[in-house]
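Every chain is named by a letter (A, B and C) in the order it is written, and numbering of its residues begins at 1.
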Amino acid sequence: MAEPVLELRDMSKAFGALKATDGVSLDLKPGEIHALIGPNGAGKTTLIHQIAGSIRPDAGTIFFLGQDIGHLGVAGRVRLGLGRTFQISSIAPEFSALRNVMLAVQSQQGTSYRFWKPVLSDNSLVDPAMAMLERAGLAERARVPAAELSHGDKRRLEIAIALALEPKAFLLDEPMAGMDPEGSKGLTRFLDELRAEAPILLVEHDMDAVFALADRVSVLVYGRMIASGTVSEIRADANVRRAYLGDES
Amino acid sequence: MNRETLTSAALVLLLLGIPLAAMATGHNFYVTLASRMAILALAAVGLNIALGLGGLVSFGHAAFFGIGGYAAGVLAWHAMMLQPFPLGLPGTKLMPVIWLVAMLAAGIVAAFIGAISIRTSGVYFIMITLAFAQMIYYFAISFPSYGGEDGLSISLRNAFPGVNTLDPFTFFLICYLLLLAGLFLFFRLRDSRFGAALQAARQNETRLAAVGVSPFGIRLAAFVISAMVTALAGALYADLNRFVAPSMLSWHMSGELIVLIILGGTGRLAGPVAGAIVFVLFEHWLGGITERWQLYLGLVLLGVVLFARGGVVGLLAGKARHG
Amino acid sequence: MQTALLIEQLLNGLQFGVMLFLMAAGLTLVFGVMGLINLAHGSLYMVGAFACAAVAAATGSFWLGLIASLAAAAAAGAIVEMTVIRRLYERDHLDQVLATFALILIFSEGMRWLFGSFPLYLNIPSLLSGSVPLPGGSQYPLYRLAIIGVGVAVAVFLWLLISRTRLGMRIRAGEADREMIGALGVDIRSLYTIIFALGAALAGLAGALVGALQSVQVGMGEPVLILAFVVIVIGGIGSIKGALIGAVLVGVVDTMGRFLLPRAMELVLDASRANTVGAAIASMLIYVLMALILAVRPRGLFVANA
C-alpha cells in the first residue's frame, strides 16, 4: 500500500466547552479523492483550518509528505505543496482573474521579492497563469476584475489559483457551493481527472458529487469521526444513516 | 496614453511649471513654495507605498520624516563645529552622504518599529505607529545635545557637488528630480511581483497566505522602503528651512502626510503630487487671508472624506485600474 | 524623607493614571461598541476644560464649572456624533482617522476663536485646597487625592452601568454583535449617540479636573489623547477593565520613571549627564512598556470580545 500523502492523527480542538474536533484521524493516499462529509457544525471547517494551519490544534499531529508540519504557518504549508480552495471564495477583488492566478504562479516560483520588473508584460507569469485559467474554463474572463466575476466563475478562479500552485495535495472546501447543476457536473468531471495529478481531500455537501467522485468517505459528526470507508460501505453504515443520511433516505 | 498616465504627466509638469512661471513673472517666493510642494510630495510618495499599496495606515511617518531631517541637521552641525562623532567619524555637509545616512537610519528604525507593529492590524497598527513616533518625538525634545525643544539650525544650506544649492531654483530642481526618482520607484514597485504581493496583502491577506506568501515579510519590506523615501524627503525639508525641530516628528506632521495622500488620491501614482500642490497652495492662500486657515482646512478635509472619496486624481482620471 | 517622596510620586502616578482612565474609558467604549477610532476625543477634553474655566470665572464657582464641563462636552459629543461621526461607522479606519483629524483642526481653531490664544487659569476650589499629611512627615495636596477618588467613583459607576442596567446590557450586546441589538429592537442610532456623549462627558470631566492643575489652552488634549491610545492598546481595545489597569500602569510607570531614572543614572554617570540621559529615557519609558507588552500579547492585556 502506498504511503499516505497527508496523515492526521488524533487532531483535537476545543472552543471553550465545545469540542469542534475530537480525536480525528484520517489520511489521504496518492491518486484518491477522500471525501469528508458531515452535517453543519460537525467540525469540518475547523478540521480544514487545522490542516491548512490557520487554527492551531490543541492536540494531535499532522504529517505531509512524511514530514511533521505542525509548526508551519499557512504560507509555509502551501509552499510545501498543500493547495486549498475556500468555502467562501477568497480572492483579491481589485485584481483581474489573471492577476489573481499570476500571484499564485509567482509564489510557486518563489519570486515575490522581485521589486522592479513589471508583471503584466512578464511572460513567465502571464503564460502559465493563462494556461491555468484555460484549464478551469475561465480564459475569456481573464481580464475581468475578480470582484465582478459571477459566483460560479469565482469558484472556477479558486480552482485555477490552486492549480497554479502545482500542489502535492488539494484541500477543497465545498468547491460546488452555490453552483448551478450544470456547473456542478462540469466541476465533477474536472475533479475526476484532477485526482491523477494530486490526491484531493474534498469537503462537500453535494452528495451526488461525493458519491460519484470519492474513493473513500469519512463522516464527521459533533467533532468525532463516526465512520470511514468506501462509498458503498458508508451508504450501508447504520450509524451514518441514523446520524446523517437519515433525513434523506 | 490612458487617462491615468496623462493625469500623472500633467500634474508632474504643472509642478515644474510653477517655479518657471514664478521666475518669469518675478514672484520668486513661489520657487520656494514649489520646493516645499516637491518635498512634501516625495514624503507622501513614501507613505503611499505603505498606505496606498499595502493598506498599512501608518500614523507615525513623521518619525521617518523627522529622522531624515535630523540626519541633515546633526551631520551638518558636526561638520560646522568640526566636532567628530564617536569613533572619529566626521560630520558632513554633502547632500548625497546626508541622504544616504538619512535613509539608512530611517530604514533601521522602521525595521524595528515595523517588526512590532505589523504583527498587529487595523486600529492597533494605527495607534502603535503613532505611539512609536511620539516616543521619538519626546526623545528629541528631552535630549538636549541637538537643541532639544528648540531644534537645530543649519546655518548654511548643505552642498551638492558641482551646483549652487543656495540658488532657490537649483534647490528646487534637486527636490524635483528626487521626487521624479521617487515616483519612478513607486511606479516600478507597484507593477512588480513584490507590488502584486503587497497589494494582495491589502485586498485579501488570507488569499496571499493561501498562495504561500507570508504577508508579514512583504509588509515589513514595504514599510522599510516607505520609511526610507519619507526620510529622504525629511533631509530635503531640513535643508529647505535650514532648520530642524521636533515639530517635524510631531503627530500633526504624520496626519498631514496622510491628508496629502487622501487629498490627492490613495494609492495613485500622482496622488501625492496633486495632494501636495493643493495642500501648499491652500495653506499659502488661506493663510494669507485668515489666521484661521486650519479651520477651513478641517472643513474641506471633512468634506473630502465624507463626500468626495478618490481625491484629485480620482476626479481627473477616474477609478484606478489594476490590469 | 525618601519614603515620603516615593509615596508622593506613587500617588502622583496614580492620579495621572486615573485621569488617563477617564480619557481611555470613552475611547475604548466607542471603539468596542461602534468600531470607531476617534482622534477628536482629546478635543472633547479641551472643551470640558474651557467650559469649566469659563463658567468658573463667570460665576466664581468651580462646582458650577464642573457641571458645565460635563454638559458642554456631552453636548459637543452628541452634536459631533449626529453630524459627522455617525457617517463614519461603516467606513474604514483610514477615513475615520482622517475625518476625526479634521475635527481636531476645527475644534482647536474654534476654541482659539472663542477664547483667544492665551491660556486660561482655573483655581482649585477652596474646599479641596488643603493638603493631607503623608506617612514620613510630608504633605500631599487634597485636590489630587480627590481626583483619584473621582476616578475610582467613575470606575465603579461604569462597572455598575454596564453590568447592572438596561443601557449596559445593550452596550454589552452591541460589543458582542452589532446586528443582534438591531434585531432586539433597540434604537441603535440613539444608543450610539448616548454612548458617544457618555465618553465625551468623561473626557470633559478629565479636562476640567486637570485644568485646575495645569493651564487651560488649545492643544492641551493632544498629548493626553496619545497617552490614552497607549493605554487602550496596552489594555486591549474595547475593554474597560483593560483601560483601567492600562491607565494606572502607564500613569505609575511614567511618573516613577521620571522620578527614579535620573537618580538611578547617577550611579553610573555624573549628575548633570545622569539628569539629561535619565530624563530622555524616562520620556520613552511607557512606549517601551507598550512595545514589550505587544511583543508578548499583540492584542493587549485584556482582549475584549475574543
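Operating definition for what follows: contacts are C-beta pairs under 8 Å (C-beta built on N, C-alpha and C of every residue); 3 or more make two chains touch, one makes a residue touch a chain.
Source: prediction; values computed, not measured.
K.L.:
Going only between touching chains, how few steps reach chain C from chain A?
P.N.:
The fewest steps needed to get from chain A to chain C is 2.
K.L.:
Which chain's C-alpha centroid is most distant from that of chain A?
P.N.:
C
K.L.:
So which chain ends up closest to the centre of the protein, judged by Cα positions averaged per chain?
P.N.:
When every chain is reduced to its C-alpha mean, the one closest to the whole-protein mean is B.
K.L.:
If you average the CA atoms of chain A and of chain C, how far apart do the two points sit, in angstrom?
P.N.:
Centre separation, chain A to chain C: 49 Å.
K.L.:
Once you find the CA centre of chain A and the CA centre of chain B, what distance in Å lies between them?
P.N.:
Those two chain centres are 44 Å apart.
K.L.:
Approximately how many whole Å separate the CA-defined centres of chain B and chain C?
P.N.:
31
K.L.:
Which chain B residues sit where two or more other chains touch them?
P.N.:
If we look for residues of chain B contacting two or more partner chains, we find none.
K.L.:
Chain A touches which residues of chain B in the complex?
P.N.:
Touch residues, chain B against chain A: 188-189, 191-197, 199-200, 203-204, 206-215, 217-218, 221, 320, 322-323.
K.L.:
Per the contact definition, I'd like the list of chain B residues that touch chain C in the complex.
P.N.:
By the definition above, chain B touches chain C via 51, 57, 59, 116, 119-120, 122-124, 126-128, 130-132, 134-135, 138-139, 141-144, 251, 255, 258-259, 262, 266, 292, 294-295, 297-299, 301-302, 305-306, 309.
K.L.:
Give the list of chain A residues in touch with chain B in this complex.
P.N.:
Per the stated touch rule, the residues are 52, 54, 73-76, 78-79, 84, 86, 90-96, 99-100, 102-104, 106-108, 111-120, 125, 143, 145, 161, 164-165.
K.L.:
State the interface residues of chain C toward chain B in the complex, per the touch definition above.
P.N.:
Counting only chain C, the residues touching chain B are 31, 37, 84, 87, 93-95, 97-99, 101-106, 108-110, 112-113, 222, 226, 229-230, 232-233, 237, 276, 279-280, 282-284, 287-288, 290-291, 294-295, 298-300.
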